[in-house]
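So, here's a batch of structures to check.
Each of the next two complexes has chain A plus one more chain, namely chain B in the first and chain C in the second.
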Partner chain A sequence: MSQIPFWTRFLGVPLVLLLSGAFALSRVKRGTLKLYLALLPTVFLLLCFNYYPAVKAFHTALYRYDIGGEATYIGLSNFKDILADRILHKSFANMIKLALFACAVSLVMPLIGAELIFHLKTERMRYFFRVLFVVPMVVPGIAVTLIWGNLYSDSGLVNRLLSAIGLSDWTRGWLSDPKTALVAVMFVGFPFVSGFPLLIYYAGLSNIPESLLDAAKIDGASAWATFRNIHLPMISGQFRVLAVLAIIGAAQGFESILILTRGGPGYTTMVPGYYMYENAFSFKKMGYACAIGLLLFLIMLAGTRFTLRFIRSTEEFTE
Partner chain B sequence: MRLWRSLAFIALVLLAVLTFVPFMFLLVNSVKSIPQFYRNFWSPTLPVHFENYREAWAEVRPYIVNSLYVTTLTFIGVISLSSITAFTIARYRFPGRDAIFTFIIAILMVPGILTLVPSFMLFKDLGLLNTYWVMIIAYVSGGQAFAIFVLRTAFAAIPSDLFDSAQIDGAADWQRFWYIGIPLAQPVIGAVAIVNVLGTWNSFIWPLVTVSDDRKSVITKGLFTFASQYGQRYGAMFAGYIIASLPLLICFLLATRLFIRGMTSGAIKL
Partner chain C sequence: MNGKLSLLRVGAVAILLALVVGGELVQRAKTERAEETGVKVISAVVGEYRPGHVPQSIGKPLRAMRDVADAYERLHPDVRVRFRSVAYTDTVEGEWIRTQLLGDTAPEIVAINVEAVWPDVDKGWWVSLEPFMIEPNPYVPGNRQWWDQFANLPLTRAKRGPDRQLYCVAYDMVETGIIYNADIFREVGVKVPADWEEFLEMQRKLKDAGYIPLLVHFQQAADWAQDIILDQLYYPILEDIDIEKGTPEEEEYLAGYLFPKELCYDIKRGYFDADYPRWREVWRLMLDWRRYWQKDIAVADRNRLFLTKTAAMMWEGSWSVRRMLNDPLVDFDWGVFYLPPMTKATSRFAERVDPAVIGGAAMQLSVTRTAISRGTLDTAIDFLRFICEPRNAEKIIGEAGLFIPNIKGAKLIPQLAPFEDILEKRYCTVKMLYSLSQEFTDRHTRMITLFLNGGISLDEFMVEMENYFHTLGADYYINKYGWDFRDYDAILASHGIPYKPQR
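Coming up: the complex of A and B.
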């Protein structure tokens, strides 16, 4: 490392801000200064702790940089390694499976829940069930995942249930059997109804204008026709949000993999996010990890754009 | 019609039951001793072993204290920074305002996975690993963007007349912010605060990566360690999970309506 302490690099940021501020001030009326001062802390923090790391990711991806060693510029070598990395191929395949499954269940199941609640007779009941389905959100995600790990264990609830109904042949260590590990990870959180998506759908359903629903009723539309022709088009905005959130979550989430399987057995449950984590914090290969992170970012960007375009077109179609 | 209604109700109750199976399992087994757990897996058993909770509490208390500390400071930081910034952007016109706002909310498009490694290196270079600050600074800086996004709309929705008349009466900028802006945006601020507290309390990967010192660890990492160390002592382990959920559960019971609104505030439509 050089003699100059690292933090001095940050002096540049307020300096640039001050200079540009002074420049702007020479041109605008007085009294605006305190407005810029009010925004300064926010802008300063974002520049240092959010934008700087984001830019740094692009930079580091071009280096071989093992923690404790020197950083060497290697151009696009990290990306060549990515193309040749078998484990990464496997993990991307897993990610796609997880993403498709997550997308399907997080779009469908909470909608069923929200519709069922929406059709309840009294507001009291509707409120009660909404509250009920939000309660699980206060349990830390890690605790929920750990409980599921326990349910799947050799003498856990799933196996005991199977034995109890006479299917003892099916019992296994669900997370340690290469054949079932990925599916077991997918089903963590079953029946996928609770929390955030349900509330989003419910908010969407309650925002449908009364007049539309009344008109459908007068025309004698069946429940299915009302759902198909009024509810679905009116909540397409919510679909977009949830689809995007599911894709982002599946592309970057690896908490449950880290807690339950650590990518194993073999690499049957390895996902790119966890592989990146391993490369950075177990193998100390920061450059390679940043390259994987960058690739994931681009995939998420593409996935999000594709979803938004795709769902908008169906929206126009149904209208 | 009647039949359909009953069927729908049964389906809803079934979904609720399935959702709560893991949590009921947790609750029932948190008061069992080890032999009770193996012998009577399905049913609640007597005597009830509340000492599991005492044991778990001794174990998780330091982590809970750390989590409370980090969550509180993050909450104060995010709410004060974001309400000042959001108010300034919503209620004043000045050159560069829209550019600054775009600059702030554009960070919402940068995912955590991209910045995890470089952020770690940054805080390592700053010598902040294994401190509370590595969590607080990162959460405040990252959390304010969404809060500003939501609060700006709330502040902009307050009728201008209120501010104009206050100005005519000689109220300074800070007085208009503090006596008009804050009280009128208070429900939204509450909702934003809840989303923020929920996120901070449950964050796991960042503390796992940046804080290896057990004395500074927060509850999520504490539970993880607890689970790997306790092995067969399920009762105490499950009691620990429940204790870890209590602060947020209390928060939830105190402000249910705010909580439900908070979950759906901001961008619920794209």
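Coming up: the complex of A and C.
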């Protein structure tokens, strides 16, 4: 069997699909048959690599499956094990703490940054600061996490600073001390003004009609009143999107845990995503891992639904 | 304008399609040509000896393995040897290779601790090397059996799995030692300790002098420290716990070793219960020792602390010699010693037993089922034999300067001699982390880390461990292999050994 060349797999196929999509869009008015045909490869790949694995995972959750070995149907037994799994419960508690913190900081800090940039006097300065905040996005997340791991180590910057200001007693292994490990993981990424949310917010602020802002000025509204009564409602759509992304990221993500603590010390920083990964590939309990995955899916769905229901969109404010 | 744009789009799609299809056709042609000319390609993951790799991130990139492979290709023009690298996540070993084996895209030869192979041999993923070991190595004149090539034959045979089949070539050996800064020792007025009490006392002096006495990673604590301290306290009662004697070959290296079935039996008897004093004592001693380690026992870069003279000692393996020889920061005298024995002054259960070793085989090369499915098994085995030729082995192992050759006739670098001497000692009672299930290994390590970092008390820790020993250890294996222990009960009865441990 021939091996598909690397660049065919990873560059050729997506490029072909992209152009197929562009081709389809350019023809949308002429006839729907060609449109559907052009969409077909994308839909096919979506079904193969997104929907099928998800459905298969739901199915595998009903089995005891040691990867590479036999799969035995056990019904809801994996879900019963979930109810009794103290480690998983602890990991959900950690996930909630991480999610609440992540949502708070990732929604608030970029907004503050966007507001500050929005209020700069000249477009040139606004552009300069936007670029300044966006440039760090090119640094791979793993590299950032590794740097934070170094900062937290015995001879890292955090301990050195503490020793330098006479607080040597406060030095510790921040990631290996059970009292501080979870908080240390939370603070990775400080000051949390990341480029993508900032740009989203800035775009929202830029789209606020000038007439509204002028009217507020004329009426003598303070900066705080303008922010509360005009800015916030008008960027609520962006807020919703970012909140949904933050919830999904917090529920699923475990890259920093994998790099920094592997869920330790003990299980003090364990999260469901990493526990699922461990069960699947380290303990080879794929069925159980899929059951955890299904549970995570339901949680994310509930969280997303909640967010969409209780945060009004921009359109609802302007109606 | 619209027409030109459409033409451009169509043209771009056509070019891309041509590239994609063309690339595929070229690749097919290459493969067909290779198949037509009968060229066999084998791929190998060779761990630290990978060509281009810089072990310990110091020194020059390695090339000896590539040179040896090139020499093999010259001898066998129909073979190509490719080396692959693996992204290790530093989690439970074998994750990457399992995914490769599932997709039948694994390399033919893989460097992996054979304990990670054993749980999956019933899936047919790994090739038993047993039939090949009794054949001669054609690259060694006068060799009658491949077995005869290994310098430490008992160690090599001891790598057989629970099914008594050998799944790896133990290419070289590793051992641990305490690497110490002799200048700091002189400055503080301490010397290499003769027993554990002296060891703790000298660490106290080093700490009082402002140094981190000893650098230990939590993984080393869970693995090496546990095995050594356990051996110190359980060796005096070996007659009560070492039920099964191995074959004469196994007993050469593993005399007194607790095989998995014995360990499960001893777990059921209560030798690792939360309230068993000897077992509790292991962890009391470990926690007592912990106060002389660095604060962050998860710190990855212990070398920095040692080389910048912040720490006086580090517990490392023979691989550290490479750094000690090449790092410009090493401007001090250094030496190596092994852990000293515990005495009655340390613990009422200790009897000044010479500490056992916990090292053994370093790079263990296994052959995957891919070699069978691709029809390259004979080639893979032949290549393994080629690199076991003494001059080739000396070149490969010597260039890296990490481990001790396990091939007769392959000389080791002089700086590794202390580790070779250490390897002469008796093997430990049990490799606790690697004797039970992988889930046990993970949970056990996590709890040890939490315990050593003050996250749980000794009592809580002992209760958790007892639970894991039974559910993820003994019960797991008993269910997996269908063991019953009537034969062991009979041995106990015939020797008048009580079932329950004496407290």
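Observations on the structure shown:
Here is the rule we go by: the second predicted complex is superposed on the first by the 275 of 319 C-alpha atoms of A that agree within 3 Å, B and C clash if a C-alpha of one lies under 4 Å from a C-alpha of the other, contacts with A are read in each partner's own complex, and residues count from 1 in each chain.
FYI, contacts are C-beta pairs under 8 Å (C-beta built on N, C-alpha and C of every residue); 3 or more make two chains touch, one makes a residue touch a chain.
These numbers were taken from a predicted model, which means no experiment stands behind them.
In the superposition on chain A, A:Thr261 contacts chain C only, with no contact to chain B.
Of the two partner chains placed by superposition, only chain B is touched by A:Ala223; chain C is not. When the two structures are aligned on the shared chain, A:Ser153 is found in touch with chain C, with no touch to chain B. Touch criterion not met for A:Tyr63: it reaches neither chain B nor chain C. Within the superposed three-chain model, A:Phe281 lies in touch with chain B and with chain C [touch as defined at top]. Annotation for chain A, partner touching more residues between chain B and chain C: B. Within the superposed three-chain model, A:Gly173 lies in touch with chain C and out of touch with chain B [touch as defined at top]. Overlap of the chain B and chain C interfaces on chain A comprises residues 7, 149-150, 155, 258, 281. Interface residues of chain A, counted against chain C in their complex, comprise 2-5, 7-8, 12-13, 15-16, 19-20, 22-23, 26, 67-69, 149-150, 152-155, 171-178, 258, 261-268, 278, 281-284. Per the touch definition, chain A reaches chain B in the complex via residues 6-7, 24, 27-28, 32, 34-36, 38-39, 41-43, 45-46, 48-54, 56-57, 60, 112-113, 116-117, 119-121, 129-144, 146-151, 155, 157, 160, 190-191, 193-196, 199-200, 203-204, 223, 237-238, 240-241, 244, 248, 251-252, 254-255, 258-259, 273, 276-277, 280-281, 286, 289-290, 293-294, 296-297, 300-301, 308. If you check the complex, the residues on chain C that touch chain A are 5-6, 9-10, 12-13, 16-17, 19-20, 23-24, 26-28, 31, 89-92, 95, 98-99, 101-102, 120, 122-123, 125, 218, 294-301, 304-305, 308, 310, 437-439, 442, 446-447, 449-450, 453-456.
Residues 4-5, 8-9, 11-12, 15-16, 18-23, 25-26, 38, 41-42, 81-82, 84-85, 88-89, 92, 94-96, 100, 103-104, 107, 109-122, 125-126, 137-138, 140-142, 144-145, 148, 173, 198, 201-202, 204-205, 208-209, 219-220, 223-224, 227, 234, 238, 241, 244-245, 248-249, 251-252, 256, 259-260, 263-264, 267-270 of chain B touch chain A in their complex.
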